[in-house]
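Chain lettering (A, B, C and D) follows the sequence in which the chains are written, and residue indices restart at 1 in each chain.
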Amino acid sequence: MELKNKRWTDEEFFKVREEVLSQWPTGKEVDLQEAVDYLKKVPEEKNFAIKLKKAKEEKRTLAQPRAGVALIDDHIELLNYLDKEGGADFLPSTIDSYTRQNRYEECEVGIDESIKAGRSMLNGFPAVNHGIKGCRKVYESVNLPVQARHGTPDSRLLAEIIHAGGWTSNEGGGISYNVPYAKAVPIEKSIRDWQYCDRLVGFYEEQGITLNREPFGPLTGTLVPPSMSNAVGIIEALLAAEQGVKNITVGYGQCGNLVQDVAAVRALEEQTEEYLAEYGYKDMVITTVFHQWMGGFPEDEARAFGVISLGSTAAALSGATKVIVKTPHEAVGIPTKEANAAGIRATKMILNMLEGQRLPDSKALQAEIEIIKAETKCILDKVFELGNGDLAVGTVKAFEQGVLDIPFAPSKYNAGKILPARDNEGCVRYLMTGNIPLSKDLLDFNRARLEERAKFEGREVGFQMTVDDIFAVGKGKLIGRPEGM
Amino acid sequence: MEKKTLVLGVIGSDVHAVGNKILDYSLTNAGFNVVNIGVLSPQEDFINAAIETNADAILVSSLYGHGEIDCRGMREKCDEAGLKDILLYVGGNIVVGKQDWEEVEARFKAMGFDRVYPPGTSVDTAIRDLKEDLGLE
Amino acid sequence: MELKNKRWTDEEFFKVREEVLSQWPTGKEVDLQEAVDYLKKVPEEKNFAIKLKKAKEEKRTLAQPRAGVALIDDHIELLNYLDKEGGADFLPSTIDSYTRQNRYEECEVGIDESIKAGRSMLNGFPAVNHGIKGCRKVYESVNLPVQARHGTPDSRLLAEIIHAGGWTSNEGGGISYNVPYAKAVPIEKSIRDWQYCDRLVGFYEEQGITLNREPFGPLTGTLVPPSMSNAVGIIEALLAAEQGVKNITVGYGQCGNLVQDVAAVRALEEQTEEYLAEYGYKDMVITTVFHQWMGGFPEDEARAFGVISLGSTAAALSGATKVIVKTPHEAVGIPTKEANAAGIRATKMILNMLEGQRLPDSKALQAEIEIIKAETKCILDKVFELGNGDLAVGTVKAFEQGVLDIPFAPSKYNAGKILPARDNEGCVRYLMTGNIPLSKDLLDFNRARLEERAKFEGREVGFQMTVDDIFAVGKGKLIGRPEGM
Amino acid sequence: MEKKTLVLGVIGSDVHAVGNKILDYSLTNAGFNVVNIGVLSPQEDFINAAIETNADAILVSSLYGHGEIDCRGMREKCDEAGLKDILLYVGGNIVVGKQDWEEVEARFKAMGFDRVYPPGTSVDTAIRDLKEDLGLE
């Protein structure tokens, strides 16, 4: 089957589906008609898509943690703790790393060992192994909408099981859950596999059940220039819409300059809507998610609270619909449930205090929005051009040619030619532009902003800036200035 | 100074690539010959690379929490492969969650690692230790 | 001696001084000439006034905690802990409540009991009792500038001792350390006593030693409308300048709406400079201090970190020169040194990340600045009018007539006729305007903003809003909406 | 219902006025006759006001940390003044710093206070307890 950005026919879908469901015994439990009946009974307040739509209408920013452990009962206890003691608005189920690699046998071992050890030996919830029954038990034992959060290049079986299990949102996408999460999965393959996940959601939509899909905005979480992650988000939204997805949350990972962060969210929301309209997708519900700082954290918990809080502030002021919450344990290891709840409480304190407040419109904000949109458009134009109008084909070629290029990604299908660095105000800019097709004006703009910093710091623009910037937040600063500045 | 060869990689199903790239860059800058096998690397890949390049040390990174499982038996495999007494370092976020560091270090030393590094270890520390252990300077 | 806003003659000053120094035995140790020689040796980096001036030039925001215990060595240990483990930029010495009431005998008891108990039985450092020697020991044992922070209506002896003791800043003022801190001290008396403190600083200035003075901006810390606290700050700055003070830090306590907070700091700085220039005071160095939320805190430490962080963000974005730091223990009790240092670290993380960033200029920001300035001018015009051009006299009369009126103040010399409440965006507005002389436009503006909230909440504008707003932050919100909103 | 009289004030050298004003407003609203002696009030002022107004209860606030010192001997003074068994409540931030609440409560109960309230006590709690202790409703 040739890769194309085109809605799969039922024939195509159901043919592949047979194979997917046979990948692990729990696959056989999925009966779409029964699942539709089950999902029809999900009350509005436990439907991810509907709750997001409402939040957008009410102009509120809602909070969601990350969390997942190996065993069902422990996982339920964890989620309810985050609801009750943290005040979470949405619940996650972070999936373990073996499931992400489709290594379900190893999950089985992890589950057994966890039972024996009396504590989780997996870094997440192995949803495929627990099957529909396990997922439904989770869904039925909590009071909030549940989403799968992972990093799985091939998430087809997982998607089947979680949605039939009552989880009304799935994070990921053919680019965002491949390039940062895999070494050797061809882009072509992951796009196709995510078309499947999207088509599944489209199928449910056609049955009158709205489910949410969320491209993973932050990618490698490390100094990704906003226009690059926005371009990826928009592509994934378009690909999803083509398969019939209606409720999409596009995402962005905090960079740290407040104006750039707000501009990025606004540009992302506006351009996503523009592109979806341009390509004829109707009745779309587009919301945004802001990820608190996704790079290296400071080890000290008080400083970590500072980082978490600044992210919450930027999220609120940007008007994002949702914010993904970090914890004071971030730099060290998977958080205890207490640390996780503390992160949510700090976040919600700020969201509550800033409810209804926005960064006022200003020349500076408009200028940054314009820059991000212009850069994004340069990239997207070229992607469409490379695909002769087909976005899926264009995306594959764009990665081959480094037109799409994610900094610090492990994937061998990623060119790895661009390098980011902060300018003198802390905005993330392109230092090495590799093959990204920015106009001369935009290239000059990026360069000039970095030269300004270089001058201020009395050194050359160069990779050392990038390295210093990567360590900066962990060391308590935003910009990696030379020692003693 | 004689160029020492290091094998560098991220073990197991772990995709954290940033630290790996920084270590590669900084260790190369510090004068080492770095053989970087990248992320998602099984024990075998480390060992094969070390044999092929006649390496002086293996630097294992583990960030995602399964480090303890992924590193088990690595010293024995090295021994079997004839990499007798090769320097074995491990660092990153090598266990799940916040744990008492002394205990963690002891567990990994017992597994046969020569040096065990806590989260947030600077590259300078690694370089200093490598120079000491490899008898440079 | 009649109250007038006029520089005291040397004769007047030295006559009163005799009496002041005899209030407690340690007073006799103060020898102005010897003190001048001592202060001349204070290095620049340990001089509060100079460090503030530099920070302003470098456009940086510096952090200062509050802290003080009964015994000298413990106090030194505490301060050095906050420097080393917290990263404080300035050090405080919070003075105990008995000293604030000039009850030095009780301080003596408190010191003895503290020695016996092995822990502080006083809620601050009794600087008068410890005398110059004690203060100098503190100054010499730390690496940062030291300031006295208290709440003392009559701080004359305290001022003599701390400045001679090497402490290069004194907080307070005739209004700000009376009305929120006393029940029965006439405004006339406290203004006169603070003229003394200011004249002392003026004397040092004439000897070539620059010392900092800081009016206490937040007043009762409870929903004080920015124009009221700004008016008080400007009056105290003018009164201080008349006595020869050159280096003044005017202050503001966070209200919670980001735009209003930034506007308030900018209006305060600009108007203070304008008024000082208008009344002919030259070579003034005016800096600003932003107090993190001064009202009731949430008990939960994670939420408290949120409040602290939001305050740090507003401080940084306003460009304030200094921020006064709260702690995660705020709601419960005097913090441990660990909690205090944690508050500083969270604060500095944010200041560092936002270094160089400002809230961009915008229509909304300008509009709020204009409102605050206009309200402040209405109040100040009337104060000058009441005093027939004499600010000191005018201030006394203004309090008598409720032209100056601080909400929730304990002083019986305060009219207590005004009531504040938040508008629908969380800005603090005048709900009951008592006798403050706002123009019709401004009265209408305040009313309209509150009506907007009332409509949104489906209830009447009224005192219940004020009550709800007082509890709101402690309960995790900014605006005290009716239950379930 | 019969109107009960409460004496309200903030003890010692304490100037925290906000809670006091709110308590006054809310207790009055709840139907009590509130005699508010305000901030900076010595024990004597509470007792005198209670005698003069034939009060049913004394509500002491202490916020600033010296509460333990300021409240010592208050029950005895009440007894001496003939205010036998008058209801004595205390609340606010009654000790210095974060301390174990059970211990704090026990200390103040031993001093003769009938009810002891931790930081953040809502007015509703106070009203409920007053009604119970004064046999209202």
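Everything that follows uses one rule, which is that a contact is a pair of C-beta atoms (placed from the backbone, for glycine too) under 8 Å apart; a residue touches a chain by one contact, two chains touch by 3 or more.
Quick caveat, the model's predicted, so the values are computed rather than measured.
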Identify the chains in contact with subunit C as well as subunit D, in label order. none
Roughly how many whole angstrom separate the Cα centroids of subunit A and subunit D? 54
Distance between the CA centroids of subunit A and subunit B (whole Å) is 30
For subunit B paired with subunit D, centre-to-centre distance based on mean C-alpha positions, whole Å: 65
Judged by the touch rule stated earlier, which pairs of chains are there in contact? A-B, A-C, C-D
Flag every residue of subunit A that touches subunit B in the complex, lowest number first. 97-98, 100-101, 103, 120-121, 123, 151, 180-184, 220, 222, 295-296, 299, 329, 331-336, 339, 408-410, 463, 467, 470, 474
Per the contact definition, I'd like the list of subunit B residues that touch subunit A in the complex. 12-15, 17-18, 21-22, 25-26, 38-40, 64-66, 69, 93, 95-99, 119-120
Could you please specify the touching residues of subunit C with respect to subunit A in the complex? 256-259, 298, 300-303, 305-310, 312-313, 317, 341-343, 345-350, 352-357, 359-365, 424-426, 473, 476-479
